[in-house]
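Multiple structures follow.
Two complexes follow with subunit A in common, the first pairing it with subunit B and the second with subunit C.
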Partner chain A sequence: MGYLGVDVGSISTKAVVIDDAGQVVARSYLWTEGDPLAAVKRVLAEVELQAEAAEESVAAVGVTGSARELVGAALGAQVVKNEITAHAMGTLARHPDVQTILEIGGQDSKIILVRNGVPVDYAMNTLCAAGTGSFLSAQARRLNVPVEEFGAYALQSSKPTKIAGRCTVFAESDLVHKAQIGHPREDLIAGLCQAIVMNYLNNVGKGKEIRAPIVFQGGVSKNVGVVKAFADLTGEGIVVDEDGHLMGAIGAALLAREGEGRAAFDFATRDLEFDTRGYECGGCPNDCEVVTLCRAGEFLDGWGNRCERGLERAKKNVTTS
Partner chain B sequence: MNATVGLPRALLYHKYGDLWTSFFETLGVPTVVSPPTNRAILERGSRLAVDETCLPMKIFLGHVDELLSKADYVLVPRVASLVRGETTCVKFLGAYDVTLNSIPNARLLEYDVDVVNGKRQAPEMRRLGRSFERNVTKVMYAYARAYRESKRRHLEHARQQERAALAPGLKVLVVGHPYNIRDELIGVPVVSILREQGASVLVAEMSDASEAKSLSARISRDVPWTFNKELLGAVEHYRPLVDGIVFLVTFPCGPDSLMTELCVRRLDGMPTIVLVLDELQGEAGLRTRLESFVDLLKMRPGGRFATDAVMGVRP
Partner chain C sequence: MSESGGHVLSFPHMGNYHVPMVTLASMLDTEILVAPRMTRRTLELGTRYSPEFVCIPFKYNLGNFIESLESGANLLVQAGGGCRFGFYAEVQEAILRDSGYEFEMLRLFGSFELRDYHRQLRRINPKLTFRRALWHYRLASRQTNALDVVEDYSRKNCGFEVEDGAFERAFEAFLGKLGRTQSFAEVDTLERETLEELAAIPTERPDDALKVGVVGELYVVMEPFSNFFVEKELAKRGVEVHRHMSVSEMIAHSGRNGPKHLRKLIEMSGPYLHYHIGAHGTESVGLARQFMQDGFDGVLHLKPFGCMPEVNAMTALQRMSRENLFPILFFSYDAQSSETGVRTRLEAFCDMLRMRRRRDPGLAEAMEVCA
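Right after this comes the complex of A and B.
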């Protein structure tokens, strides 16, 4: 039997199918592009073919990531879990001896401390997305270097430029200033990679004891420049799993496997028409922004409401329009 | 017929609400309390406040504004210090003047508490009472009764929680000012998400404030703010009884950011999470952080909770 795990993040959408032994038999990784439901349809199309080839049918579905409510309801998932738990589960399955999990994604970054195979502490970035993937993308645009080539540039540098990485806006002016006074491009890029790591260690990793083995994952872990900066600044080896970007999805699939819910999943679900609608409830001065999800015109689920009345009104709204 | 006094359900109401209500009631003065904070109240407060104002103060202004059409007067005390050698956050000193500057047509009632400079609560509230009741004995009686009544309710509340702290099960301590924890938009969602996740929630409040303060010295002797001292003491008191601690801070808050740093550094081995809320906060980020925090508490070794308890299955 197979288990489908879907991780719908702010920037990318990931799906895997694992077998009973926990091996990944199908995988897909695509940009979310601001439309999580469409992204899920596309990743499902890819994993369906691979799962068929591996002769695995899906018996349970787990969903994680920032769009987990929406996608979980659309797919009728058995397990809907937050991304921190999912990542810890996925990483532990592949690296049972891990003690520190570093993760930098498109808009958030987290650290999970694991001792004796059990997560014991974690932290996540607060209000600000500085020091995440979107910070690097913004600076890459400024330097006119594709973000995918950042790592290669950074490795050429022996003297990374110091760049203030606390805030994207200040980093940008600092970067421009350093470029204007003549710092070479590879030093600037290596400096940016260090800035991101410094920012991470000072904010997310503040006060946490980072012990080896360290596994680094999330989209930014594909950037060898940042991996090197982590290794330099922590003085430890950094493990980057080739499926590191899929850990959330793997964790979600494992959670679905561990859970009790079973229902044969039909990949044809992705051909159904899903329709989301947002509106302001207006039932009380809170004016909750309620979102409803309909499948083929039929009310599936809704959220954003602070009270039950919000959902009742949402249902009525769907059936009458 | 006496005029109606409006009590804004914000800031000190969450500490002195019982005292005020009982005091005015005994004097035969009708009171009206603003409704629990909602989006509309917050938006009104944000419009009235200058940008740098903290979230609880914005909410407070919204409540005052809400009461203008419902009450003849709105009670906005000045509280500069409650104990010798200590101080309160400046917003309690400035509340009256800030309110009057932000809402010039507001009709406010005030009383001043500044123990450091010799202004104590009892005579000050009695002075306020005299503007409604000329008979001094009746005012003294009203204050004594209100004080007794509010103290009794506070003790009852705190003892109930101290019993709950000894019950089995996963327990999370939420550390924050009562005006944050009890606010419908700030703390109430945090507490209800924690409960949904199967944790029983304790708040950092003790029956005995002076015991709390002496306990707070174990974490730091140098904190000057009375309310933060009480919170620190409660952290020290409850920490052996709980599985994890949530710090609930609103943006921007100087005293809380210092206190939180102190605690997180001194509470070695205790899982903690710091939530900084501002008016733009969406619920999604809050839920993710609290869910995973409770998952982590359930998975901890030595914790009384098996790993399989984490597998949340959607009904």
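Right after this comes the complex of A and C.
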């Protein structure tokens, strides 16, 4: 039996298929590009071929990530789980002795403390995306360096430039200023890597006891410059799993395996036409922004309503238009 | 036209306290206009006319005022407190006048001495006797108390209701009746009957139900709209929700009782606080430690973004959490906070608390808990 896990993040969409033993037999990682449903169709196409080759059919689906409700409804998932729990579960399955999980994704970052194999505390960034992957990609664009090569540049530096990482906008002014007075590019990039780590430790990690073994994951863990900055600033070894960027999807698949729901998943689901419609309820001055998901014109689910009336009106809106 | 020269009085919302507030304000013999129900529009209006960096309760209050003025209010009541709240009335009055509204502002704060309030209130209603003011104050306090008792019971139990919405329906009915009570005896009877009614609602409570305490800044704790209904969201996940902060508590610890209460809170904070840190920050630390010692599974700390007293409290709370491995989830509210973000974090928090409940869970069991 195989279990499909899908993690639909703001920047990237991940899918894995695991077997009964929890081994990953199919994996895919693609950019979300602002269209989660289209991104899911693309990752499903990739994992379908790999799962077929491994002769695994999917018996249950788990979905996580910021688009989990939308994608969960579209795929008819058995488990729809928040990304914090999913990441903790995925990591614990592969690193049972972990005590601290550091996670930096496209728009969020989190820390999960684990003691004796159980998550005991966590924190997640609020209000602002400073100190996340988006911060790095914005600066990479400015320096005209592909974000994938960022880490390699950073490692060449022996004297990282000091850059204030408290706020993405201020960091950018700082970076521009330092570049204009002649700091070399590799020092600037290494400085940015340190700035993101400082920001992380002072915000998300504030007041938390970071104990080794430390596992660092999320898209940004692929950046060796940031890994080095974490190691330098914590004085500890940092473990980066080769599937670190897939950990949410792995966790979702494991939770699907653990749950009771079973329904053979047909990969042909990705050929179905889904469409979403946003609409302002207008039932009261709160004007909830309700989003509805339809499959071939048929109402599947809706979100964003504060009261039942919102969904009723949304349903009517779908059937009459 | 009302007796006292056409005054139409209004005040900002906070939770369900508009009910006793109407009782209190009716001593002035003005017309009373309860601000329109809080909606996104309230926040949009408040945000448009507020200084960008001000704390979020200011924006909600201002939004309430604008919506009330639009509906015909011309006498606004604002209180104040020991932080930026102390400047709300002046700044809001200036903003609203600059925006072209005509109204009177009644500022009620200072000594917590009834005689002082009476003097201030006579400006609006010169015929107001001290005796009458006292009667309204006492009835409103009694109503507030009943409201807090009933809400407290609902918070602790509504998560386990068998039929969805049973508690909410009973509560709405209670709120309607509370506004019509005219004497202590009537409030007593209503409170007793409501509690009996709530106790009769069928519930299914698992033996190992989670218990979570809520602490933080007074407005975002007590106004569910501003905290995205966190208490209801927690209850929906089968959690028994406790919170000590209420207007009854604030009345009990005001005026002369203040200093003694503060000393007690600092004592309750144990090693985490040695002096008062402003507004309700000290309370957050003392009560959180109390929850921890009472064996609660975790604490939620709510604050407006940039609220200094609560930022002070956070440092102590973080240490408490770290040294005792006691889960505290922090929420910082601002005009742009996302409701989805709050829900994601609450769901993860409850998963984590459930996993911790198993003494030696092992991964398989831990996963079973959340799957």
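One rule holds in what follows: the second predicted complex is superposed on the first by the 321 of 321 C-alpha atoms of A that agree within 3 Å, B and C clash if a C-alpha of one lies under 4 Å from a C-alpha of the other, contacts with A are read in each partner's own complex, and residues count from 1 in each chain.
Keep this in mind: a contact is a pair of C-beta atoms (placed from the backbone, for glycine too) under 8 Å apart; a residue touches a chain by one contact, two chains touch by 3 or more.
Please read these numbers as outputs of a predicted model, since none were measured by experiment.
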Subunit B and subunit C placed together on subunit A: clash or fit? clash
Item to check | subunit B versus subunit C as contact partner of A:Ala77, first or second or both or neither | outcome: first
Contacts for A:Lys208 in the overlay, against subunit B (first) and subunit C (second): which applies, first, second, both or neither?
second
Exercise for review: Examine A:Gln217 and indicate which partner it touches, taking first as subunit B and second as subunit C; both and neither are also allowed.
Suggested key: neither
For A:Gln139, is the partner it touches subunit B (first), subunit C (second), both, or none of the two (neither)?
neither
**Request:** Please work out whether A:Gly259 is in contact with subunit B alone, subunit C alone, both, or neither, and reply first, second, both or neither.
**Result:** both
Review point. For A:Thr13, is the partner it touches subunit B (first), subunit C (second), both, or none of the two (neither)?
Key: neither
Check: Given the touch rule stated above, what does A:Ala93 touch, subunit B (first), subunit C (second), both, or neither?
Finding: second
On the A-aligned overlay, A:Asn199 touches which partner chain: subunit B = first, subunit C = second, or both, or neither?
neither
Overlap of the subunit B and subunit C interfaces on subunit A comprises residues 66, 79, 81-85, 115-116, 118-124, 126-127, 207, 255, 258-260, 284-288
Given the complex, residues on subunit C that touch subunit A span 36-37, 39-42, 305, 314-315, 318-319, 321-322, 325, 327, 330-332, 334, 336-337, 340-341, 344-345, 347-349, 351-352, 355-356, 358, 360-364, 366-368, 370-371
In their shared complex, subunit B is touched by residues of subunit A numbered 66, 72, 77-85, 115-116, 118-124, 126-127, 207, 255, 258-261, 284-288, 304, 306
Residue set of subunit B touching subunit A in the complex reads 38-41, 189, 251, 264-265, 271, 273-274, 276, 278, 283-284, 287-289, 291-293, 295-296, 299-301, 307-308, 310-314
Interface with subunit C, subunit A side, in the complex: residues 66, 79, 81-85, 88-89, 92-93, 96, 113, 115-124, 126-127, 206-209, 254-256, 258-260, 284-288
